[in-house]
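The chains carry the letters A, B, C, D, E, F and G, assigned in the order they are written, with residues numbered from 1 in each.
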Amino acid sequence: MKPLAVLNKSINQQVIVELKGRRGYRGILDGYDPHMNLVLRNAEEILDNDVRRKLDSIIVRGDNVIYISP
Amino acid sequence: MKPLAVLNKSINQQVIVELKGRRGYRGILDGYDPHMNLVLRNAEEILDNDVRRKLDSIIVRGDNVIYISP
Amino acid sequence: MKPLAVLNKSINQQVIVELKGRRGYRGILDGYDPHMNLVLRNAEEILDNDVRRKLDSIIVRGDNVIYISP
Amino acid sequence: MKPLAVLNKSINQQVIVELKGRRGYRGILDGYDPHMNLVLRNAEEILDNDVRRKLDSIIVRGDNVIYISP
Amino acid sequence: MKPLAVLNKSINQQVIVELKGRRGYRGILDGYDPHMNLVLRNAEEILDNDVRRKLDSIIVRGDNVIYISP
Amino acid sequence: MKPLAVLNKSINQQVIVELKGRRGYRGILDGYDPHMNLVLRNAEEILDNDVRRKLDSIIVRGDNVIYISP
Amino acid sequence: MKPLAVLNKSINQQVIVELKGRRGYRGILDGYDPHMNLVLRNAEEILDNDVRRKLDSIIVRGDNVIYISP
């Protein structure tokens, strides 16, 4: 199953997104594009395992992504 | 909803833009392009949670963006 | 044998993926694309030789990859 | 208003250009291209808020730009 | 002789691959593509001149390569 | 005036080229291409304001350039 | 004279190649491609002005290059 197909199947489900620089986000996947730019809603920013911020909706730029876990 | 569609819906609304290097901007989204280059008006530069500078209008280069929160 | 052909032959087999920043993943290769974005299932995150996290499924972004060992 | 349209409107006007690495330039925008490469005339280089150098004309490479403020 | 032609001539021969971050690999070149992604078999990972790991087969991502020596 | 047009007008004239990593070059611009790769002749390498090396001719790769001053 | 034309004229002549990370190579230019990937023969690796290694032939990846001096 190709990476974008897995993203597609994860729409409306919770995902964990790990970024470069010890940053992570947890939220409901609302959208994506082929660059792996992501839209998350009900998102929490996690820095070193602590929830640092809550965000109704964020667009995460794909080139910061290390992995996405559906 | 795709990332650029979310940006499009956010035109004329306040957004928070988090960049690499602990820098952030808050302002009204005035425009964008497919590289996520952004135009903000009435912008505030935020460095480590402090407002450091006010700028009538700025063009932020997309490749510095970590996330945009509408 | 070209790099993507080796990936193709490794589908449904265990692979080790070494990323920039001392991070590694071990899991069953479920998919890939030409950018070397990878889908792993039953994945383990390895940081400095310790298993740090178990993940049912992850999409690893190709531009972090140093090597993949089938 | 799209980012390049804002640049276009700023031709012959003073702009501030903030680059990666704590460097900035102030000058009259003389030209640009779609990569955000810029031509400034009567430019001042600013490092940590001090004017460090004056330059009749410079071409700034776009991939160093964080923001441009018209 | 162009770089990819040299790689082509080195198929089935031992090569040394030096990567960013003080890492190197020695192994038999099994394949490559135009991005300089490489397939090595009977590979040894070398870190600061010590063999650190032996790997039957690896795919090395081209954008980490500093040089390849046939 | 577009960035490449300024470069074109600077052929056979002295330019200063500032690169990432505190390095600079001063020399006669002999050629360029759209990536801002440059050919300089009678070049001097400048590191922290000292002339460190003289070079009859160099090709500078464009992606290291911060600015070029004609 | 354009950068690639200068490279072309340097085939079979000695060149100095300076890379990111204080590394350099001296050798006979045997080939190149438009990405400035280079083939050198009778190459010497130079680290902080000392010859550290001799290599019959190497392919240097272009994106590490700072400058090439024919």
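The definition used in the following text is that contacts are C-beta pairs under 8 Å (C-beta built on N, C-alpha and C of every residue); 3 or more make two chains touch, one makes a residue touch a chain.
Keep in mind the model is a prediction, meaning the values are calculated, not measured.
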Angle, in degrees to the nearest 5, of the Cα rotation that carries chain F onto chain G: 50
Gap in Å, rounded to a whole number, between the CA centres of chain G and chain A: 42
Chain centre separation in whole Å, for chain C relative to chain A (CA means): 18
Chain D and chain G, separation of their C-alpha mean positions in angstrom: 33
Residues of chain B engaged with two or more neighbouring chains: 63
Sequence of chains encountered when the ring is traversed from chain A in the direction of chain B: A, B, D, F, G, E, C
Chain A-touching residues of chain C, taken from the complex the two chains share: 19, 21, 23, 25, 30-33, 37-39, 55-61, 63-64
Residues of chain G that touch chain F when the two form their complex: 1-7, 20, 36, 62-63, 65-70
